[in-house]
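Chain nomenclature is as follows: A, B, C and D, assigned in order of appearance, with residue numbering initiated at 1 for each chain independently.
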């Protein structure tokens, strides 16, 4: 399956998780969340309030190369002071937030700060709004475009953002947090991967799980319409 | 009248100043001003922003920066901010990592004239301890509350769409932390796509307003956010950003002289 | 769809609720909604606002109010708010006097999801002690800092220029504490001069926006701020206010049935 | 001298105080400050930033019956969130603020809350923004449309706002705060009044002082232009 098709699977699964959401926030460099929210608003949940960094309810006709792009602002219902997103979440009123993790550990904590490898510092960009949003949004959805044991670790060297993820999306599978065990468990495995592959490429214990359902034609059509050039595959390269 | 040239305005920034930069990633950033700071070889700047990109990276790469106070520095789709990253990894720049939320809280405290802001409990994030954020006992009961101390920038540097020659200014569209940093800062320097008569600003009562008070310089700079975007006038230049992201050290040094203003 | 009639919307407000009212003095006040509350004979309401006038006075005069949390209640050029004044003097209404600044601080704390806000030292004002505002030790040094606890209204009642049938809304011109109280409140009720298609709201990206979340009712009420102003549509009715300021008790009771909605 | 002419004296004296001010805020029911700021901006100090409750720099062609009137908002340079005024003052950046006092004491403190007369409560409207503004603005200017010993008292029963007034305007005189003595002293006496009258009508010790200068023709012209119907005299009735 090519990268575009793989991205479609991930986007479709994200979109379906948003069927009952009342609000969702996407931050910077968030191509998969952008398309997932757009799909769910068109097919499943038109009432979903979509928060972006530049405004409420982006209504763009296509996905730009940045999720802080003027094109998004232009079609918003209204502009929004970024600070308000944090206030909404701090008040406990933010439902879903999409968060990327440079390193994601078995507890669902994120490291977007830095790591040391053989004493040498490797610097990440920083966690942006994640520290607050992961801790206070009702349903944080974490995602990563790569899946290897240096990314999915038992315990992150630095905790940039601690919270309880609703789901964790990887290019191989979807994890969810088992609140009793206090750790991520496999929720579904993408059809191009397998329990064995995930086991091999994950730094913590994993379990087998059913196959991630395939995206519908309607979903793919909307994804294709908004992203005809396939920007979405960039995050999986 | 506070209108002046770009180099005169940049001369106001002394080495070691704490400056706060407008916009977000590649959106309405004071790029031309930042290049001028680098051409003037500023040293030991402390740079504050929620989410930096080209602006923070360029200053770090050219040795102008001592400390970055931010929640995020990256190029989004163009990958990591190479020069920032290298400077931090090699210890030339101190990355006082925050989360965007705590940068905002620090600016809010300064804007409200109070010494600190209570914030939601994010104390499991490693940087809370490293930054020295402290808990206070909630005087109304219910336990401890995390706080962030005020940070008052010496200069808020804003690139805006329109200003008059006295330094009154308008911002169209998203304003990110720009209004907050203008209120919080001791001084303001504006670069504006165009200098217009005051009457023209007045017609747009619903746009965001920066009054001239505290504005020490206003400079007309067409394409002042380039290679970033300044809607509704121009979009980001993705080609230039792709090129920028791959410049080597020597090319970076020429970049600030080649790209004018 | 949350569009409904004025009486249906007012029925949501239970006796004893804490409500916060939009506008300032006679500017964009939810006057029609307030009259409907009085017609429905609400009791023990707690009413919150920085500067009240007709709205707070009417509710106090008709026995709907237990407590007023405000910095100012008066009619400006029309003199003192007689009914408010009498109710407070006779002990029927508790005036929890604040200053507009501390009302804003209490709303800010609620809007930011934090339990209290630090404020400037106004502790020589008598009400600081009476309200129980407490000092905390500044954890970053420098002595004690006064604070105000968060107040989270049960309902923010806003009269706005335009809304759609789902409860998304726009405010033109000054917005006073309206956005803050909308963010701070548990629920929002809107009265709007006109219900318009969502697309029409979307065209005005620089106007202030209330998103439908937390909006439990939206009611189309032409002249909903009357006898207050709702620019750009209509001015205050000074004649009616002069008349209102001199109504006796019986006339006040008929006022709410005569002036419709 | 009629009330209009008396108001002109007070407005003129206020306007001249603002010659070197960089900002001034007027709140509700502030007809004299409104006209004073307008005069000074036209004649003496065009750069003065004028804050009102509805926006920056009202530029109305006439004074409306309310200083929170839509007419003011319509001609502002930009609207302003009321909260910002308080922030500006709390930061120490507000120069002049005009404050009314239902009761004004010898220290320059204001009572706009309530008093008890023979155990009976007499309720005032409340101090609006005064508590903060009096305490934090650089130069609070206090004004009152009446002058009698129940208003100008030695010590207010309740302190709504404590601060150090730059001047106190009454229909009889102008006080200023003697910072060493820590109390108000007479700065000038309006020509229609006298030391004797002020002494009699003031609840604290007063001194003699020079006569308040008369308004200029230019000042009167602007006052008349902005307030042709004489709203300004209402506060002196």
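Operating definition for what follows: a residue touches a chain if its C-beta (ideal position, glycine included) is under 8 Å from a C-beta of that chain, and two chains touch if they have at least 3 such contacts.
All values derive from a computational prediction rather than experimental measurement.
Using the contact threshold fixed earlier, the set of chains in contact with both chain B and chain C is A, D. Annotation: C-D is the more contact-rich of the chain pairs C-D and B-D, by number of C-beta pairs in contact.
As a whole-number value, the distance joining the C-alpha centres of chain C and chain D reads 27 Å. Chain A and chain C have centres, each the mean of its CA atoms, that are 40 Å apart.
Centres computed as Cα averages put chain A at a distance of 57 Å from chain D. Each of the following residues of chain D touches two or more other chains: 55, 73-74, 79-80, 89-90, 136. The set of chain B residues that touch two or more partner chains comprises 113-114, 119-120, 173, 204-208.
The touch graph of these protein chains has some other shape, matching none of line, ring, star or complete. Working note: touching chain pairs come out as A-B, A-C, B-C, B-D, C-D.
Note for the complex: chain C touches chain D at residues 24-27, 50-51, 70-74, 76-77, 80-81, 84-85, 88-89, 95, 97-102, 104, 108, 119-122, 124-128, 173-177, 179-180, 229, 231-232, 235-236, 238. Only residues 22-23, 47, 49, 55-57, 59, 73-80, 84, 87-93, 136 of chain A touch chain C when the two sit together in their complex. Note for the complex: chain B touches chain D at residues 110-114, 166, 168, 170, 183, 198, 201-202, 204-209, 211-214. Note for the complex: chain B touches chain C at residues 109, 113-120, 134-140, 142, 145, 147, 149, 172-173, 204-208.
Residues of chain D touching chain C in their complex: 28-29, 53-55, 65-71, 73-74, 79-83, 86, 89-90, 109, 113-114, 120-132, 135-136, 158-162, 231, 234.
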